[in-house]
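The first chain written gets the first letter, and so on, giving A, B, C and D; residue counts start at 1 in each chain.
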Amino acid sequence: MRNGENAIVGHTRWAIAEGYIPSESTGKKPEFTSHETACMLNTSHRDAHVRITIFYSDRDPVGPYLLTVPARRTLHLRFNKLSNPEPIPRDTDYASLIESDVPIVVQHTRLDSRQPANALLSTVAFGAD
Amino acid sequence: MRNGENAIVGHTRWAIAEGYIPSESTGKKPEFTSHETACMLNTSHRDAHVRITIFYSDRDPVGPYLLTVPARRTLHLRFNKLSNPEPIPRDTDYASLIESDVPIVVQHTRLDSRQPANALLSTVAFGAD
Amino acid sequence: MRNGENAIVGHTRWAIAEGYIPSESTGKKPEFTSHETACMLNTSHRDAHVRITIFYSDRDPVGPYLLTVPARRTLHLRFNKLSNPEPIPRDTDYASLIESDVPIVVQHTRLDSRQPANALLSTVAFGAD
Amino acid sequence: MRNGENAIVGHTRWAIAEGYIPSESTGKKPEFTSHETACMLNTSHRDAHVRITIFYSDRDPVGPYLLTVPARRTLHLRFNKLSNPEPIPRDTDYASLIESDVPIVVQHTRLDSRQPANALLSTVAFGAD
């Protein structure tokens, strides 16, 4: 058995083909604000430098959005919060490509609270190297 | 690290074994119309020519449905909108095979608004080459 | 590009580690009866002979449950309906192993209508050969 | 066709990048208590000795949490119940690494009942060896 202290798991490229941030929400903020998240796990002892490219249906891709997932940490990134080079518009279809210099694991989640009981979806993203 | 400008990720064949479009909906149209979506991401610099075959439980497959995912674009296709060669009947079990001439990534999502708060599901489709 | 007419995709063994059929439901039957489904897609031209084994937390596995997914058909099997050799008890943790003599694709879905708006989950099952 | 009696499927390492246990719940306990579950299936004839490491966004990983999935059994572990070396705090982002000495299959599920109709998500975890 390997040991959580040394394990490195994941891929250096991940794609999330689904993307849609509803503009409306019901319930307390920020927990119930409709949002999409890329949950990233870096099990290695090196910081992961991550660049995200956002794809749209009707215009050129935007990016890179740059961020760091520190060594042996998880980062649950709300796409709602991305701002540089530009925010992701609401109520708009998009997709994302996530590239890292060390292997990470990426899982995609949406909380949709437009109607008065929230709905959830999640899937491990598509990993490649 | 590779670079979003040049990355090609995905498979040329994808299967979605689940398929069911509820005939009933609650809430504003078209956002809350019950629907199923195949979210397709083409990170390459070539247009992806896609053919979809729909499988049923009790009759021969129908297709191909033909469409294009332009280079470096995402297309979130509502199965509800397919019409040629024929629409997909509502309240009916189906499955789909998605084939492309360049690698793409496919994620499957359903919004079910039959009851007064919508439910969501999503999963990366099953990829093969 | 391959062609929907000849494609064979999938694995001959699939596992679904999650399993739980709620005993309660809200809404019209049978659509809104709480249920779990194994959606199976057989894209090949040969019938798939499938055997399902059900695993529990506190007793020996039960099975096989035998069924056929005809050539070029999908079968969305409600676990609720399995009866031979025995029904799956409600409100009980279980898991399943699905084996086929030709490659198929398996996706797992639950509709939970215990509370007055249904919830959904889905994931492609874990495939192996 | 292989046979459920002898099949071994899975991986010895699994990662779940998403993790969040809501502190609030609506409905009967314990069924509707908001929770996260790692559903583990051991199809082999050997007990699986499992060690779980929990990763956070702002502090060092915690673990190992040790448990056994008996031979030919499934264990649906609620993360809510982990206590040794310490409980997982509520309303906190985390991720998990699951290592086993025999191959197992892991699926991740959350039931969120903070609002008056529960929401569900599930995905097969990310498997590696």
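Note that in this section a contact is a pair of C-beta atoms (placed from the backbone, for glycine too) under 8 Å apart; a residue touches a chain by one contact, two chains touch by 3 or more.
Predicted, not measured: the structure shown is a model, and the values here were computed from it.
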Proportion of interface numbers common to subunit B and subunit C (over half same, under half different): different
From subunit B, the most remote chain by mean C-alpha position: D
Pair sharing more residue contacts (C-beta pairs) when A-D is set against A-C: A-D
Centre-of-Cα separation between subunit C and subunit A, whole angstrom: 29
Euclidean distance of C-alpha centroids - subunit A vs subunit D, Å: 21
Residue list for subunit D, restricted to those that touch at least two other chains: 116-117, 119-124
Subunit B-touching residues of subunit C, taken from the complex the two chains share: 1-4, 7, 9-10, 26-27, 31-32, 37, 39-41, 43, 72-76, 104-107, 109, 111, 113, 116-124, 127
Complex contact set, residues of subunit A against subunit C: 117, 119, 123
Subunit A partner contacts - residues on subunit D that touch it in the complex: 12-13, 15-20, 22, 49, 51, 53, 55-58, 60-61, 63-64, 91, 93-95, 97, 99-101, 108, 110, 112, 114-117, 119-126, 128
